[in-house]
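One chain, chain A, links the two complexes that follow: it is found with chain B in the first and with chain C in the second.
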Partner chain A sequence: MIHDVVVIGAGPAGMSAAVQLRKLGASVLVVDEQPAPGGQIWRGIERNASGPIAVALGPDYQKGRALTAAFRASGAEYSPSTQVWQIEDEWTLFLTSEGKARRVRARAVLLSNGAQERPVPFPGWTLPGVMTVGAAQILLKSGGMLPQGNVWIAGAGPLPLLYATQVLGLKGQISGFLDTSRGLNLAALAKLPAAWRDLPSLAKGLKWQRELRRNGRMIRGVSDLRAEGNGRLQQLEWTAGGVRRKAKADVLLVHEGVVPRIHETLALGCDHDWNPAQKYFAARSNRWGETSRPGLFVAGDASGIGGWTAATVSGEIAALGLAGHLGIKVDTEALRRENQLDGRRSRALALRPFLDALYTPPTTSIADDVVVCRCEEVTAGTIRKVARTSTSDPNAIKAATRCGMGPCQGRQCGYTVQAILAEVHNLPVGDVSFFNIRPPLKPITLGEIASLGELEDAE
Partner chain B sequence: MFRSVLEGPTAQADMTVLVNGAETPAWDGETVAGVLLRVPGAGRTSAVTGEPRLPYCQMGVCFDCLAIVDGVASTQGCLVPVKPGMRIESQQGAREIGR
Partner chain C sequence: MKADLLVIGGGLHGLSVALQSARRGVSVILVERHFLGRHASGATAAGVRTLGRHPAELPLSLEAAATWHAMTDLVGDDCGFNACGQLQVAEDETALAKIRDRVSRLEAQGFTHERLIGSNELHSLVPDLARHCLGAAWTVDDGSADPHRTIGAFRDAAIAAGVQIVEKCLVTGLVRHSTHWLAQTSKGVIEAGLIVNAGGAWADQVAALAGDPVHQAIRTSMMVVTERTSARVKPVVSSLGQKLSFKQTAQGTLVIGGGSQGKLAPDRQSASVDMVALAASVGAAVRLFPAVEGIRIVRTWAGMEAMTPDHLPVIGFSHRVDGLIHAFGFSGHGFQLVPSVGRAVADLVCQGSTNLDLSAFDVTRIAIERAAA
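Right after this comes the complex of A and B.
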């Protein structure tokens, strides 16, 4: 059987695209790594319906319930706990779930696999006890886990503020919030007038900040963060206001923004654009979400960070684009107008330029002794040394150091290698490329490949 | 390091899993990575230097949650929900051949 569309990712963009595509009469298969729909933003949404966790997660989280229910009722085929490890032309997708591999075919593909937190290496970031804010929030959504002991948050952006508020709402403890943002700067202020179009979100952010300040937990202008400990995190060091400070710590949660997932579009050779404000690559797409590869669409944060509201609208837009591609007889331009998709999207993105200017990615050079590649344990010093005698191609670093060759395939080290190469070769960061990405997109076992062989024999 | 808000003197766990052979309470919706964070010493060791690691990202992109789950090595723990009686074992270094 050949599906009209295979959607990868069951978050806001993927679910809304699937719902629309079903309404337009397309057959849809949605595959997702997670065991239940909702993506990271609405992770566990079907389980966290009531009780203290549901209350603490707040109204934006609860808004995911309606779309998730619509998705469940849409008639889209849904394959949870499934990894996509290879995508071939026009279009064959190789999947694994429950230790078994299989192949599915599609007339078109929508990548709505979202974002990941931007990895920012610092001394001690591989110690047990250090993890991302997003990780901690996922733990809260899955099983109601709260961090224990001396808990510190370090970083910048809306997510750490939201998470801190959620933890305090559940009577959890936070020893301190180390704010690494540069504070309100001119560039951000210039974007403020447009941001007023999304007054509720702006007000929410200010409220979170006020709550943290009232609790005396906010430390501003933090730099040179260091995590230390013997076999696990035990203490923190940072600089603020020119003074070096220390504190006991059991858990450190870090966050420096999010970046699109691009391994799939890189592997497929799509054109990508560099976002200089937020320092990430995203697949270039037209006004319907179609990439430079006909029939391959992107939507949501995977096509550029916009947040969940914009993601749901871009999912609807991509659904119309896909309908056009499939030759479904509908007036896609008229539907686009009737549903006010462009207006809704631009409202959803109104706050974004302000946030992007307020929370710029860190630019500090990474010290030589810091591990950059968590998998192969390659330090910044090793990368720098090779970079001095190599071209500015990250693949040369990979070949010489194994950096990016581990199971995460550069998902943690890619942008850091790029930044070090730019620094050594004195180039603008965006002029240095990302690693070449080749399938498999996720590590697979011989057993899984063998199961694919059995399947083909049976065909 | 982490504790469920559902946990309490009277609250019952939803299930029991085996972590390196020891019976451990677990909650619906929790992943294997969540368990690794709650049980001291359950994490993996890194492939090159053998340093202790614990799950970092919970969203499938760091691979520091690798564990042996029901006999399958290099399972990404953050993508696998717990099930009653599940066997979770710490993974030492790189994947051993044949597992």
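Right after this comes the complex of A and C.
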């Protein structure tokens, strides 16, 4: 059987697209890595219905309940705990769930697989005890777990502020918040008037900061962060106000913003654009979310970071685009107008330029002794040395150093290699490309691939 | 830019020709469209194999084998060569009979590099091998190398020998004048007395630009590399009649290849993995080594390489154009031959002939007839 659309990711964008597509009469299969719908923002939404965790996770989290229920009732086929590890032309998708590989076919594909945290290497970032804010929030949403001991948060962006507020709301302890953002700068202030269009979000951010100042230590203007310890994190060092400081630490949670997931669109050879403000690539898409590959659509943060509200709208827009691609007899332009999709999206994105200017990605050059590729343990110094005698193509660095050849497929080191190449060759960062992405998109076992051959024999 | 010799193609064969020519006093420019080793040389399983070679290739292959054991003398590095041996196992009686015939034929001709071994010796060499394997051809001096380290070593040696390497340099036109070539490239005009066409999957385009059009296919062999795992398999293992080669690298990763073909893009500029076709090779690997079933795959890819109808390379002078030497079409098994082909082509460059019989590799086999003028 051929599905009209396979949707990858059951977060805000994927669920709203699936609901809309079902209304338009398309057959839909939604595959998602998580055991339940919601994506990262609403992870565990169905189980965190009440109690102190539900309260602490806040009103935005609870807003996911309605869409999740609508998705459950939509009639879309839903395959949770499933990884998509290969997508082949027009369109065959290779999936694994419960240790078994299988293939499904689709007339069109929607990638609504969200974002990942931007990895920013610094001295000591690979020590046990150092993890990302996003990972800590997963533990909170899926298991109600709070970090213990001397807990520090370092980084910039809305997520660490939100997470800190959630932890404090659950009577957790935070020893200090090391704010690495540049603070309110002119560039950010220039974006503020437009940001007023999303007053509630702006107020929300200010409230988070106020609570942090009241409950813990908020240290601004932090740079040169270093994590130290013997086999595990024991101590932090940083510079603030021109002074070098130290503190004991058991847990350090870091976060420097999020970037779209692009491995799928890179592997499929889609055109991508460079976002200079937030320093990431995103698949280029038209006003319906269709990429340069006909029949392949993107929505939500996977198409460029916009947050969950914008993601739900872009999911609805992509659903209309997909309906057009499938030849479903419906006036997509009229539906776009009636549902005020463009107005809703522009309101949802109103705060974004302000946030982008306030939380610019770090530009500090990475010291030679810092590990950049965690999988293959390649340092910045090794990459710089090879970069000086190679072309500015990251694949040459990969071949020469094994950087990016490990199980994470360059998800941890890709942008860092790009930045180092730009630095060494004196190029604008966006002029340096990303690694070539090779299948599988997620590690699968030899046995799983072998079983595909048996499947073929049986047919 | 001006040199005695222009080598087109920065794969291992191009680098080897450039290095060995420069060592003999020839001035060399090597141009590469992307970066060194971008295609077949970087995508190879890097098997160093005399086992199962076509008789016509054996002189080149045996010479190369000797060089691999003393690679440091040539390029100042062992290129990660590990003389772990190669095994071609027989999974049934038919396969065993074919291997037995081949080894006897070789012995009758005086070649002793392949040896037939029985089940006991086979399983003591590879204890994890499935019990149904009946015997094997065993080449104790074969092995495998590290392709990226090999590219780096040949590059460094070539640069030290005076080769001028120009990457991101696409050749767009070749014009033969009475004594020299003028090559139009994306980085300017290059004048050279001789051209070596080491263009790999794009060698036919170079040949066409030079006025010696040929027909070649493109091979898109796929490879699989897994996460690191504890040491379990020493030799490189293949299976007669199966699209499989299996080895464990120095890093501990398993590398599985063997010739399953990926999908060539319609414009012949790229190739992608065909997962169902790849499953045949992986299935063969799991059948030979059931214990690896749970090991995770990290990466797969499809390399691109010129392929001739008889799977033999094209090595030697053009017969239609002066000053053009071909070295391409290795059809998926050229890695081991890099040192000897470089030596033989350097002979052609420097003295116009070589001691090896290259008639089996003559370009006429794949020439496209041009309409009479």
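By definition in this document, the second predicted complex is superposed on the first by the 458 of 459 C-alpha atoms of A that agree within 3 Å, B and C clash if a C-alpha of one lies under 4 Å from a C-alpha of the other, contacts with A are read in each partner's own complex, and residues count from 1 in each chain.
Quick note on the criterion: a residue touches a chain if its C-beta (ideal position, glycine included) is under 8 Å from a C-beta of that chain, and two chains touch if they have at least 3 such contacts.
Keep in mind the model is a prediction, meaning the values are calculated, not measured.
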Looking at A:Pro407 after the superposition, I want to know if it touches chain B, chain C, both of them or none. Which is it: first, second, both, neither?
both
Does the superposition put A:Pro439 against chain B (first), chain C (second), both, or neither?
second
Max touched-residue count on chain A (chain B vs chain C) belongs to chain B
Just checking: does A:Ile174 make contact with chain B only, chain C only, both, or neither of them? Give me first, second, both or neither.
neither
Chain B versus chain C as contact partner of A:Ile317, first or second or both or neither
neither
In the superposed arrangement, does A:Thr391 touch chain B (first), chain C (second), both or neither?
second
First (chain B), second (chain C), both or neither: which does A:Val251 touch?
first
By the touch definition at the top of the document, which applies to A:Met15: first (chain B), second (chain C), both, or neither?
neither
Touching A:Phe94 in the superposition: chain B (first), chain C (second), both, neither?
second
Applying the document's definition of touch, where does A:Gln40 land relative to chain B and chain C: first, second, both, or neither?
first
Shared contact residues on chain A, chain B side and chain C side combined as an intersection?
406-407, 443, 445
Interfacial residue positions of chain A with respect to chain C in the complex:
86, 88-89, 94, 103, 269, 390-391, 393, 395-396, 399-400, 402, 405-407, 409, 438-440, 443-447, 449-454, 456
Touch list for chain B against partner chain A, complex
1-6, 26-31, 34, 37-38, 43, 46-49, 51-64, 66, 72, 74, 78-81
Quick one: in the complex, what on chain C touches chain A?
34-38, 42, 148, 151-152, 167-168, 224-227, 251, 254, 256, 263, 270, 272-276, 278-280, 282-283, 285-286, 292-301
Touching chain B in the complex, chain A uses residues 33-35, 40, 44, 47-48, 52-53, 81, 83, 99, 116-117, 119, 126, 128-132, 134-136, 138-139, 141-149, 170, 172, 231-232, 250-251, 261, 374-377, 406-408, 411-412, 443, 445
